[in-house]
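Read through the structure below, which is laid out as structure tokens, and then see the notes.
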Amino acid sequence: MNYTWNWHIFLEPNPTGAGTYLDMLLAGLKVTIVTSLSAWVIALIFGTIVGILRSLPSRLATWIGFLYVEFFRNMPLLVQLFLWFFVLPELLPRTAGLWLKQMPNAPFYTAAVGIGLFMSARVAVQLAAGIGSLPRGQKMAATALGLTTLQTYRYVLLPMAFRIILPPLTSEFLNTVKNSAVAITIGLIELTGAARAMQEFSFQVFEAFSAATLMYLVINVIVVIGMRLLERAVAIPGYITGK
Amino acid sequence: MLANFDFDVIRRSLSYLFIDGMTFTLTLTALSATGGLIFGTLIALMRLSGYRVMGWIAGLYVDFMRSLPLVLVIFWFYFLVPYIGQWVTGSSRPIKVGAFASSLITFIMFEAAYFSEIMRAGIQSISRGQPAAASALGLTYAQTMRYVVLPQAFRNMLPVLLTQTIVLFQDTSLVYVLSIPDFLGAASKVAQRDGRLVEMYLFAALIYFTISCIASYCVRRLQSRIAIIR
Amino acid sequence: MIEISHVNKWYSPSFQVLKDCTTSVAKGEVVVVCGPSGSGKSTLIKCVNALEPFQDGSITIDGLKVNDSKTNLPKLRSRVGMVFQHFELFPHLKIIDNLCLAQQKVLGRGREEAIAKGRKLLERVGLKEQAEKFPAQLSGGQQQRVAIARALAMDPIAMLFDEPTSALDPEMISEVLDVMVDLAREGMTMMVVTHEMGFARKVAHRVIFMDRGEIVEDAKKDEFFGQPRSERAQQFLSKILSH
């Protein structure tokens, strides 16, 4: 291979004038983390609501939940981001559209909302499955005690369902982190975008991508360890999940 | 608002969108799924082989691939494949690799990690009695896998494999980052040339949505039919 | 106390689970409901506090109509205790919290009051020591006794038991039945779906025999065990008492 490696490149100043190439990558890492966390919060909120809808006995609620999930699951994330970023401002009334277009940090907000909603459909599916895996008698017992439907979900069904789906939620969160890289297409300089920029300016392709790869691996390891600690923290004595 | 729409731009670009763009997308999807399944199955067999080093290497590959964003992997291979080609052919300079070949290699290597997890689950779901019965009949390990275990694993996992292929179909849109004219890339080119982003992106979304919906409906039908047969 | 009149229930137009069921339970009365599996006895008892809907007829509890949209169902249910075949304790809550949840959320009792009440009832069912444990750490018999205590914590005006001992290992049945016998002797109004004819002999006032969705026999205990009028009840009794 006649590729000239230069690992010192990370300590050389980057063309933006603000620090080294390493600083550039770390800034991208920060954007990746903040975007992923914001998207995840949105995914959890909407995913919980839709997941509950899908598990209700009402036909209408199940139908709405089904449509929501199908809508967000059957389009590529990239296309969804384009819809939010390029199409939505044009479809809104003039002033609202203009406001959206001129919003500072628009790529970040678009990414957080777009990825968040995309992931919320998957959280909803997991949660509905988790609720469905609980014995039918749990809901009955809560109802028989006089709890309302809302209370039944809040105090009985959701605490158990979320414990059961913690492992799949871990991988969904990791998917959120990975999906944040798609936002490079709407101009968000997250980790992959920063590596790409470094490659374009410095021509040190493989150093840039190696560093980004390493950072993604570290995020993965940290998340997996963190979630395992969380699983242990909320484990119920004597209860074996997946019975 | 709709009055400002120029739907004619879609009509004018239909042949470019479908004959060039969609053909690229569908070919890439089909070949990547096939290649990914073959390599994925090999990786799964390595993981379950009982040889520790082989299992360890396969596991590392799967975990590694699955912790990286597809976009980054696409960039990696785009820049790496010419050098690998140079190394393989012994040429003096990095060889030129076309957009299609580069994307195909990327998606096969990437999807192999995901397909291998599905096949591994499929192989593990088959009762231990099956390989035992096959060995008792005198079949070798390879024959047992080839004629007894893998066909069953494949059949049991077919709905999951197809669902993953639908995901793959959507993911191929990410070759956009290499400015390759797949379906979305083609739509985007027209959109930017004619300044018709709204129409073109809405149309692209509609087409992806329709194809994915029909495909996932078929998978659900297949799933319920399999469930009845069992 | 509980009036059931002409209740009909269909799962589908061709499948009727309850056929014109009419009976009542007076204050302080203990009524045992028995019958072969699939006879509709569990469905009937679940209709009493509207856990299962029914299409025709009416059920009133303490003068309140169950199948009336104006009735506050959660409030009504909170006044009727129910014990399930599979206990249905909430696995993520400590035993004491299982007893406190509905007291606090439905009756609006304060934490202190709820705990005091809970501890008193745990002592009564002989499980004072287990308050801080989780359900999965208790045996089946202990869990069912907790479930009875949980229902009693709501100060119910009547108790419904849906096959409370049929999911238990034989050696645990008596510890649960003992609690129920005590309850009956204290004058609790009880409707009990069970196959435990020994329990029926000991404390029941009346026995209802159901078959294929119909109430075939509704008689005083002595009459029922002495000379059941219907042939089906005779057959059932001879089968269940033969060993």
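Should a chain be cited, it is by its letter among A, B and C, assigned in written order, with residues numbered from 1 in that chain.
Criterion: contacts are C-beta pairs under 8 Å (C-beta built on N, C-alpha and C of every residue); 3 or more make two chains touch, one makes a residue touch a chain.
Fair warning: this is a prediction, and the values are worked out from it, not measured in the lab.
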>> Using C-alpha centres only, name the chain that sits farthest from chain C.
In response: B
> If you tally contacts for every chain pair, which pair is highest?
Replying inline: A-B
> Can you name the chain whose C-alpha mean lies closest to the mean of all the C-alpha atoms?
Replying inline: A
>> Can you compute the centre-to-centre distance for chain A and chain C, using the mean CA position of each chain? Integer Å is fine.
In response: 46
> How many Å are there between the centre of chain B and the centre of chain C, using C-alpha atoms for each centre?
Replying inline: 55
> Approximately how many whole Å separate the CA-defined centres of chain A and chain B?
Replying inline: 22
> Can you list the chain A residues touching chain B in their complex?
Replying inline: 1-3, 70-71, 73-80, 82-83, 86-87, 90-91, 174, 177-182, 184-185, 192, 195-196, 199, 205-206, 209, 212-213, 216-217, 220
>> Help me check something: in the complex, which residues belonging to chain C touch chain A?
In response: 46, 49, 51, 74-82, 84-86, 88-92, 101-102, 105-107, 133-137, 147, 150-151, 154
> In the complex formed with chain C, which residues of chain A make contact?
Replying inline: 135, 137-138, 140-148, 151, 155-156, 159-160, 163, 236-240
> Across the complex, what residues on chain B touch chain A?
Replying inline: 1, 64, 67-72, 75-76, 79-80, 83, 86-87, 92-94, 170-171, 173-174, 176-177, 184, 197-198, 201-202, 204-205, 208-209, 212-213, 216
